[in-house]
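Before any comments, here is the structure.
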Amino acid sequence: MPRKLLYREALNEAIREEMRRDERVFILGQGIAARGGSYGVTRSLLEEFGPGRVIDTPIAEASITGLAVGAAIQGKRPIVEIMSIDFSTLAMDMMVNQAAKYPFITGGQGKVPMVLRTQGGADHGLSIQHSQSFEAFFYHVPGLKVVMPSTPYDAKGLLKTAIRDDSPVVFIEHKLLYETEGEVPEGEYTIPLGEAALRREGADCTVLSYSLMSLKSMQAAEILAGEGISCDVLDLRTLVPLDRKAILDSVKKTGRLVVVNEAVKRGSVASDIAAFAAEEAFDYLKAPILRVSGKITPIPYNAALEQACVPSVGEIVNAVKKVMES
Amino acid sequence: MPRKLLYREALNEAIREEMRRDERVFILGQGIAARGGSYGVTRSLLEEFGPGRVIDTPIAEASITGLAVGAAIQGKRPIVEIMSIDFSTLAMDMMVNQAAKYPFITGGQGKVPMVLRTQGGADHGLSIQHSQSFEAFFYHVPGLKVVMPSTPYDAKGLLKTAIRDDSPVVFIEHKLLYETEGEVPEGEYTIPLGEAALRREGADCTVLSYSLMSLKSMQAAEILAGEGISCDVLDLRTLVPLDRKAILDSVKKTGRLVVVNEAVKRGSVASDIAAFAAEEAFDYLKAPILRVSGKITPIPYNAALEQACVPSVGEIVNAVKKVMES
Amino acid sequence: MFLPDKELLISMYRKMRLIRRFEETGMEMHKLGLIRGYFHSYIGEEAVAVGACSALRRDDYIVSTHRGHGHCIAKGADIKRMMAELFGKASGYSMGRGGSMHISDRVTGNIGANGIVGGGIPLAVGVGMGIKLEQSDRVAVCFFGDGASNNGVFGESLNLAAIYRLPVIFMLENNCYAATTHVRETSTCTDLSERGGGYGVAGKNIFGNDPVEVCRTVLEAAEKARNGEGPSLIEAKTYRQYGHHVRDKGTYMPPQELEIWKSRDPLILIARSLEDAGIDTSEIQEIDREIERDMKNAVAYAKYSQEPSVEEFLREIQIYE
Amino acid sequence: MFLPDKELLISMYRKMRLIRRFEETGMEMHKLGLIRGYFHSYIGEEAVAVGACSALRRDDYIVSTHRGHGHCIAKGADIKRMMAELFGKASGYSMGRGGSMHISDRVTGNIGANGIVGGGIPLAVGVGMGIKLEQSDRVAVCFFGDGASNNGVFGESLNLAAIYRLPVIFMLENNCYAATTHVRETSTCTDLSERGGGYGVAGKNIFGNDPVEVCRTVLEAAEKARNGEGPSLIEAKTYRQYGHHVRDKGTYMPPQELEIWKSRDPLILIARSLEDAGIDTSEIQEIDREIERDMKNAVAYAKYSQEPSVEEFLREIQIYE
């Protein structure tokens, strides 16, 4: 029977394996050592690797991120954990103006092999400043790679690759995925950045998403299948580099595209992918490209309001049905 | 003869008039008092309003922005100048998690009538960390308004409106516009946020842009007119709120859309507008929606490289010609 | 020297007790599933908020934190609307949109709590600038934690307040922990108040579990601020008697440490002061009974208040389009 | 006590003089339109970079600023490639992509300049962490200005370096100005080195125009760092003898202030030290002549180097897709 792990366990294993493999890898963040991180991802790493390589930090998001950048330039392979992507606003300068730019500044000589691990997404009533989805910020910045896995298997394989990558990688987890389970083989494996996964094949419409929304898209596709509509469900897995070929292949095949993400619709990655398709696959399109995204609002606390802001399976189903009418 | 002013003079007049009109208005930033700002926008305000309302600050972008947020909550109408939008990365938390959220947190009771004035864009070899276009960051954040005027007339009228607005407004100038001249009437006027300006009417294609790129789009339209292609040139002026109606009206009329902006193409405002059109005007489109945007790279120093990264008039012309072929 | 009168002692006791009971009740409600999200209890730290706010006028401002219920109550917030907010109800301070980490109250000058650690510090400086521009003699008290003092905005903001001589009192609540991290691990200095000097803000260290000492210190700082003599930094040493939030059991907190601090629990100390001042136990019991009644009412109010309407919400957020 | 030998004095003179001439030449080239963008001259501050780097080993690191030419040269950069970078040429340190504010040099351990004021400070802490992980005895010197010390990362980073005991020397170049703003206006303290104490980093104040004093202080700090005793903060008082950048005339700088500082120009002071040490003027004149020749060569190299190819550039940036 294939082994199953939780998403957080898969991440833990990835970090552990890479720390064993390469002594230049170290990890720092708030409460990641003895406590094992807010979501348990770094549990018992301290015991194995000691306080020199598993480092608790003060609340100083800008400078701990900058520390990672500096250490990466110096030749280490740091992983910095920002507890919540909402707080990455404090580290923006270090990511945007330092990490992303350094290889360019040095004509490619200087590498910045660091990973910024963080988590986003709405739930549990964490509300306004603990529920946001900010991948669009990083997506817009040349020099950063952006990874958003949806399964334990991908989480492990992509994090290992991210740690080995010579560019700064923003690795964004989702708070609702940590306790999800999935198959993760025992042996060593990695997944290259920039390859989308076709989760389900269909002929009528492409449903494109990533992170938690991939799971919801699969549920929607299941429902739609029951109504005779078959979907390609494409999980991007990495946003930068973007698997343009997979997107175009699917859209050219189905002629219809629904892009789903949890982030606020305006200025989202979904918008960018829709624009890309409208530019590159226009002649194949049979219907408007619809985006199913988070509402344009801060995320509220009340459970019903909170849920109203996040794309639902029903909304995805409706969007697909709508494009099927064209 | 109608009066002409430089863009920076128009901005100066807007600030001066609003400071005269409302004693709650004050301005702070680095070198904005005696020095009059890096681009001369705040010249001689110190003399008229004194150091209590025209305030030089240390290099502390996060906290001077936070100061503005706090003072706005308390009932003032601060204008904070961030010398270069590249440095707004340091103030992201204050804009994204504080300014944008406060009215929501208080159920609309708490207002944040502040303006963050800054400037972006590439030229003069200012290179990697002084040339960027970051409007997409702010555009993605519900609760912020975003204004990017291209003419002295708009600069004045929109800045006055921004100062009077009860929401936080990010007002983005362009370093190449400060010394451009245009008509600015003597009397008091304001321009509402959320109204695009149709700079030129045509039937074949809509060229949509804002800030400096509006000027380049007009030049492109002129060239295209000489070749028998007539364009609607739409200058958005404000990005949030977005004049969706003007966009749709034009695109439905011409059936073709080219979106131009200077920012890096991936994840840009241009992408979002293209996605919007692909969603809402699909049935009217005769051709792919093309984006003419900044190259996906940090901005280099060398003059030829720098210019290669910024959209040129020629690229706009070519994009329009390309969609005309469809 | 400042000596509190009976009235002040009683009013401080009342507020401290109310905070204690509010937190206990809230934690219970959280366990029952009636409150969601993060709930950071102020138990053990009541003397800081109450001592500080007792030194303030109603028209003075405070800026609060994620651990903000105590600040709200100390400044005079309505516990019914607070509890309603925790229940996510339309009658709550944020119409159910914010929850525990986002309560603000215009009426009592509470600029609001903050989910970003350190996020309120620059805002307090702005409030101080607003006051200065009005040339009024109000002050702003900025509450923040030991953890927040490691966020860069702390140093930036102290410096701004100093150079502009703003009427801001930086009230550092050193409760020994930032989440699960002991303050020893995030600073090599014993006293965080030492961080003020280099920015031109005189720092002071006080025992934060004695509301009288806190009140006295803030009164002095406020007088200075009202006289245009600028900001102060006060480090109040106190202790978080529970885990970081409701679901954190605080297993990393050494039992002896907890015991020592429980032996100087602020409610024990204020009770002793009441006794010393010759205040009758029956009077205190009466206050306790009133508080129980008020708490019950608050919970009932929260329970029976309406949920916010999703439709209305979706209509209202169109302003963000 | 540390006493510099002749060789050290001469080598310091050579570097200081080279920096001076590099800056003078660069400003000239800027006025001729051969250099674009910002050009921040280090004239008047040469003793800080040269004094500090003379205390370092070649395998030690430095982190630089927007006013970084002096740091480059002091650590041993090749002025030909520096000038080529300023000319935007393919042979420049950043292949013409960065210009004045972005020169770095792996060979000499120069992590690089920075267009973000304060941006390098956390990076230096990271370099220090990298050294610590290697358990080597290298050190990192982090140069930054008085203005940068108001950026929040300053306090954050000092604290990080202190708690992890990192081998980082924070070298605050107080040249009296941050752009057009006098340090008096941005700090109420006379000594910015006072900011260290609260973060657990001992601060020291020195006269920054005397390279011997700078070298001695950095040697001590480096020894401490190499012994695992952690970071230091050194404030070097110096003066920016020109406007903020080439096009800033510096009209706001009081003439008396400038005069006082010109009377203690670091090049005058080192020349005096050379004299005191009995070094022959002919030897010095020979050095000056060599520098002139090297400068000429550097300009020629820059001039005749190739422009970077736009096509190649556009091909290369595809890695960002």
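Lettered A, B, C and D in written order, each chain numbered from 1.
In the analysis below, a contact is a pair of C-beta atoms (placed from the backbone, for glycine too) under 8 Å apart; a residue touches a chain by one contact, two chains touch by 3 or more.
Note that the structure is predicted; figures quoted are calculated from it, not measured.
K.L.:
Where the contacts of chain A and chain B overlap, which chains show up?
P.N.:
Intersection of chain A and chain B contact lists gives C, D.
K.L.:
Looking at C-alpha means, what's the farthest chain from chain D?
P.N.:
C
K.L.:
Quick one: report the Å distance separating chain A from chain C, using the average Cα coordinate of each chain.
P.N.:
36
K.L.:
Distance-wise, how many Å sit between the C-alpha centres of chain A and chain D, to the nearest whole number?
P.N.:
Chain centroid spacing, chain A to chain D, equals 40 Å.
K.L.:
Find every residue in chain C that makes contact with two or more other chains and list them.
P.N.:
94, 97-98, 102, 114-116, 119, 150-153, 156, 159, 163, 185-187, 317, 320-321
K.L.:
Could you list which residues of chain A touch at least two other chains?
P.N.:
57-58, 60, 62-63, 86-87, 90, 93, 97, 104-105, 128-129, 142-143, 296-298, 300, in rising order.
K.L.:
If every chain is a node and every touching pair an edge, decide which shape results: line, ring, star, complete or other.
P.N.:
Here the contact pattern is complete, since every chain touches every other one.
K.L.:
In the complex of these two chains, what residues of chain C are touching chain D?
P.N.:
150-156, 159, 162-163, 185-189, 192, 194-200, 203
K.L.:
In their complex, what parts of chain A are in touch with chain B?
P.N.:
Those residues of chain A that touch chain B are 62, 86-87, 89-90, 92-93, 96-97, 100-101, 104-105, 128-129, 136-137, 139-143, 240, 263-264, 266-272, 274-280, 282-283, 285, 287-291, 296-298, 300, 326.
K.L.:
Under the definition above, what is the set of chain A residues touching chain C in their complex?
P.N.:
The contact residues of chain A facing chain C are 30-31, 34-35, 56-63, 86-87, 90, 124-130, 295-298, 300-305, 308.
K.L.:
Considering the complex alone, what residue numbers of chain D touch chain A?
P.N.:
61, 63, 93-95, 97-98, 102, 104, 106, 111-112, 114-116, 119, 121-133, 152-153, 156-157, 159-160, 163-164, 316-317, 320-321
K.L.:
Hey, which residues of chain A end up touching chain D in the complex?
P.N.:
Going through chain A, the ones touching chain D are 24, 26, 52-53, 55, 57-58, 60, 62-76, 78, 93-94, 97-98, 102, 104-110, 142-143, 241-242.
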